[in-house]
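Common to both upcoming complexes is subunit A, partnered first by subunit B, then by subunit C.
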Partner chain A sequence: MQEAMKKRAKELLASGEVTRVIGWKKNEFDYDITPAVFESAEEIDRDFRYDDFCGPNLSKFTFKNQKNDTKTLVFLKPCDTYSMTQLITEHRVNRDALYLIGIPCFGKIDIEKIRADGTDGILSIASEGADVTVKTLYGDKTYVKADVMAERCLACKSKYHTIYDELMGEEGEVMETGRFNEVEKLEAMTPDERFGFWRGELSRCIRCNACRNACPACTCESCVFDNPDTGISQKAAADSFEENMFHIIRAFHVAGRCTDCGECSRVCPQHIPLHLLNRKFIRDIDKLYGEYQAGEEVGQRSPLVNFTTDDAEPDIVRKGGK
Partner chain B sequence: MQKIGVFVCHCGTNIAGTVDVKAVAEALSHEPGVVFAADYPYMCSESGQNLIKDAIREHGLTGVVICSCSPRMHETTFRKAAASAGLNSYMVEIANIREQCSWIHKDMKTATEKAVILGRAAIAKVALNTPLTASETPVTKRALVIGGGIAGIQTALDIADAGFEVDIVEKEPTIGGKMAQIDKTFPTLDCAACILTPKMVDCAQNEKIHIYAYSEVESVKGFVGNFTVGIKKKARYVDETKCTGCGLCTEKCPMKKTPNLFNLGLDTRSAIYIPFAQAVPKVATIDADYCNMLKNGRCGVCSKVCTAGAIDYHQQDEHIEEKYGAIVVATGFNPIKLDNFDEYAYAQSPDVVTSLELERLMNAAGPNGGTLLRPSDKTHPHTIVFVQCVGSRDTSGCGKPYCSKICCMYTAKHAMLIRDKYPDTEVYVFYIDVRTPGKNFDEFYRRAVEEYGVHYIKGMVGKVMPQKNGKLLVRASDLLAGEQLKIEADMVVLAAAIEPDKTARSLATMLTASMDTNDFFTEAHPKLRPVESPTAGIFLSGVCQGPKDIPETVAQASAAAAKVIGLLVKDKLKSNPCIAHANETLCNGCSSCERVCPYGAITYVDKEFRMPDRTTKIRRVASVNAAVCQGCGACTVACPSGAMDLSGFSNQQIMAEVDAICR
Partner chain C sequence: MPISEFKPKIVAFCCNWCSYAGADLAGTNRLNYPADVKIIRVPCSCRVNPIFILRAFQRGADGVILCGCHPGDCHYTTGNYYTRRRMTLLFSMLDYLGIEKERTRVEWVSAAEGAKFAAVMQDFVKTVTELGENKRLEDRRCKKP
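== the complex of A and B ==
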């Protein structure tokens, strides 16, 4: 697929259809992949990569690096298309300045799972079908891909592309992989257990803002946490719980707009399962207003900013928020 | 720094009984910015208001906090007082220490503590208040009346009489409503049609009144003085402008087996029909569920016989948009369905009827031409049992908890009319209580008992059993005699509870008018503003607001009309200055606010901005139409970046209030 993508990107550059290409490139290590803008065939030949480590969601990167006066080619994995659709719905990217190519995804590898096995001194990694071969300073290791796949990919919601101008490979389908199982476990806890769980997880937060920077729903011109008028910006936390509020406020801000792409948890250096906060909201919205998937189609209305006469009227007072 | 004055009201003992008002004034006097604090027995009295005015002048107050009753009660009073002393009205904040404090607490200590906290929050808010100036909006001098029963008719006639245009939207093919189905009216026994139809004709002939019959309200936008209403005119398949109401089509129509809804299905009519002789507008309507031509394209008789060429099988629903200054809801009622009351055998025997069905059975234009006959075998009934409170005053959950109010009187009327016309018929009335408050009502009931010999029995009917001989065995208890009764009756009449029309719920949502748990519209104040809904510009007329009889309905209808006239006679309305505005540097242009705005006040513009790196960028930003915004604040909560803010209720002010409460 990588070679086909490179070929097509070069064709489109050469024809003048696009002047920029947004894709992934390798850094120092095989597993260290970052989004990048390519402006020439040479750059593509040298750096362009597409493999099982290309986890980053290019939609947010596209938003940050958009140019209105020229056309940009963006390669989108199925889950990235949901984010892109949502960004177009919210008028945050200019659809006319984009050429979107849908590409298949068979699940991305979580390097932490390989490291957790005690694998160190990694020289190179290659993923071929179901096998992942790791060359290290201390010898080679082979893994079954399903064992080292990212959690978000094991609970993949869809292999279907919600938006594209051109599709490479075959179109997939929306899947049911039990992504709400973990939410159900949280819901089954007593309020005290659940509070304890989140205090424990969030206590590790170092406020690096990686989740916010990677989140395709976090595209505000000025984030409330950076706006001195909101009274919550950049101030020293009065206590550790106030620090935790960052994530709770962020989850509220993206509620109804979060497509469940899982970037927040992927980029968290402290491995906090932040996606569970958002997934809980998605679950609640589904239950209260009927199934809703953000980013399914351009122009769709989230139940939280929509009103129909038969809307649920959740009674949070009587039922104690359950 | 603001100079804030705090005024704590005793409200007699309403507040001072549970709140230590002196302690509240003392505690609040130490809050930052407070330069004056006082308490007074009645702050709303003239001397109380003078206290406020004097303090404003003397201490040069820039903000005022009044700890008193709900702002719904006296906010306007205090704003006016402040304005007369030269302070901007919007520099006044109310801390509600009555409804939200003294009335709900019993313990003086906790109530006092809470009153201080509420006062503190109001002080924190007023410290961030800025003077606001109200602008003016024009008033569309046209009223909409939803529902064409006696309530709607009377309201429309009165508004038209004052010289304003009125539209009536009626969902049935004719106006008239329930009253048109009633035979005689209590307590005078005059014929309903005789007093109603002249009013219907008045409506039709009044050039200020336009009737949208067979139509429904689809959407409501806007606000007091400036509503835009979408009306759906359902297809009648008859051109209203051509039809002369001659009725030839209804005679020739071969589909004679269509249930006659005007007679509550007690007889049949043709598929093309005019509901009743005095219908307004007197225009035929085709019932699409029964018409052969519309169902399978075979027939077309009505089209052939119509000399006016009014039949149009291809007619479509028509969608109209009209502007109004005021809207009156007069959606009326229906008897409840009796599915929950199997014990009365309503579904098993045609001789068990509801009171409204009895009206049709006794009516000269009814199925039997005015002779009371049993529906089952068309024989003369000799024993009739009336059951009161079927589903009324029912706390079991099967019926309605409220009293339907009209049943006692119409049952007395029915009993009396039957005894008068058929003296050989025995009439029994089973009741819980007989309620007859109203002018000449008790006299009327006593006549039924004393002069007409109607058997009133205190007690409820337990079961009605259809017998093989065609009679109905009624088992009941006589509570006063303490015995069980068995009566073999020819007919049983059920006084079914009344409930608001089912369409009222969705209408209430469109109008943002509130309803109670029984789906009756809520009035702005049960005693002082009984015909206004809490939503400005929406008025209530008739049973949609609560059970009432015809005299009361007509009185309320005229009252609603008076309120509408009072509104329409104004050329301009002061608009609320507490409206939203967008901070363009923060706005993402994401459309969240536009989507939640119930008034359509938000649009987007592409604007050029200078960026920090000296480049320019065109960004899509929200813009609020100040004349349309009603300050509901939905946009401020939907906005992810906090770009939307509400004057008078800014995010900062709300946060300051919360902080003050949590301090």
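== the complex of A and C ==
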């Protein structure tokens, strides 16, 4: 797939259809992949990558690196297309200046899972079908891909592309992978257990804001967390209140717009399961206001800027009707 | 602190057009409601951002109640329909984080419902008194000794 993508990107650059390409590039290590803008065939030949480490969602990167006066090619994995569709719905990117190519994804590898196994001194990693081969200073190791796949990919919601101008590979389908199982487990706990669980998770947050910076739904010109007047601006949380505050507010801001792309959990250096907050909102919305998947099609109306006159009353929470 | 001495601090966000007038009516009719309820007037219930609710807890509230016009009667036509969705989801999230769900409430109180306003406040204060002090969403730096 990588070679076909490179070829197509170079074709489109050569024909002048696009002048920039947004894709992934490898850095020092095989697993150290970052989004990048490519402007020439040479750059593509040298740096362009598409493999099982290309986790970053290019939609947010496109939002930050867009240009209005020229056309940019963007490669999108299925989950990235949901984010892109949502950004178009919210008028955060200029659709006319984009050429979107949908590409297949077979699940991305979470390097932390390999490291957690005590694997150190990694020289190279190759992922081929169900096998992941790691060459290290101390010898080679092989893993079963499913064991080292990112959490979000194990619970992948869709292999279907919600938007593209051109599709490479086969179109996939929306899937049912039990992504709400963990949420249900938490719901079944007592409030005290839940409180304990979240204290354990959220107290590790160092307020690096990586989750916000990577989130395709967080594209506000001036974020509440950057405004010193709100009293909740960027700083390490001083107590449990502030830890809760940041996460409740951020999850609330993206509720109804979060596509469950999983970027927030992926980038969190503290491995906080942020998806469990977003999925709670998604599930509540599904149950109370009808099934809703953000980023499914352009122009959808988010359930939080919508209503019906016979919506459930907030009391439903207190009375445990849900 | 023994339960009998504990007086909860309650913050009541009341929309200007119905609930605030309802509170006023409770007052002019000399209906009793606990003095621990501090009313904050807002133009419409949907003016209340989730941050306001959390901030009230941070600054020492033990319970936060939000009052607005009855659905369909909002002065701005549809404001409270949005309030309804937002608060339902917010309260559910608080519960999910293990924060007592009895500490937050939404009630619809019209300008003519002075008696309802008093009754709602009495009931809410009673519930929060039974729960005791807010410990799960507090900021100790904001609490007076």
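As a convention for this text, the second predicted complex is superposed on the first by the 302 of 322 C-alpha atoms of A that agree within 3 Å, B and C clash if a C-alpha of one lies under 4 Å from a C-alpha of the other, contacts with A are read in each partner's own complex, and residues count from 1 in each chain.
Assume contacts are C-beta pairs under 8 Å (C-beta built on N, C-alpha and C of every residue); 3 or more make two chains touch, one makes a residue touch a chain.
Predicted, not measured: the structure shown is a model, and the values here were computed from it.
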Inset, instruction - Look at A:E90 in the shared chain and tell me whether it touches subunit B only, subunit C only, both, or neither; answer first, second, both or neither. - result: first
Inset, instruction - Report for A:D229: first if it touches subunit B alone, second if subunit C alone, otherwise both or neither. - result: first
Inset, instruction - Pick one for A:R301: touches subunit B only (first), subunit C only (second), both, or neither. - result: first
Inset, instruction - Would you sort A:E173 into first (subunit B), second (subunit C), both or neither based on which partner it touches? - result: neither
Legend entry - Dominant toucher of subunit A (residue count), subunit B or subunit C: C
Inset, instruction - For A:D69, decide between first (touching subunit B), second (touching subunit C), both and neither. - result: neither
Inset, instruction - Using the touch definition from the top, say if A:C220 reaches subunit B (first), subunit C (second), both or neither. - result: first
Inset, instruction - Report, in rising order, the residues of subunit A that make contact with subunit B in one complex and with subunit C in the other. - result: 224, 230-231, 304-307, 309
Legend entry - subunit C residues touching subunit A - in the complex, by the definition given at the top: 50-51, 54-55, 57-58, 71-72, 78, 81-82, 84-102, 104-106, 136-141
Inset, instruction - Write out the stretch or stretches of subunit A touching subunit C in their complex. - result: 186-187, 191-198, 224, 230-232, 238-242, 244-245, 248-249, 251-252, 255, 277, 280-281, 284-285, 288-289, 303-309, 311-318, 322
Legend entry - Complex contacts: residues of subunit A adjacent to subunit B: 68, 89-92, 219-224, 227, 229-231, 253-254, 257, 301, 304-307, 309
Inset, instruction - Spell out the part of subunit B that touches subunit A in their complex, as residue ranges. - result: 506, 509-510, 585-592, 595-596, 598, 604, 618-620, 638, 640-643, 651-652, 655
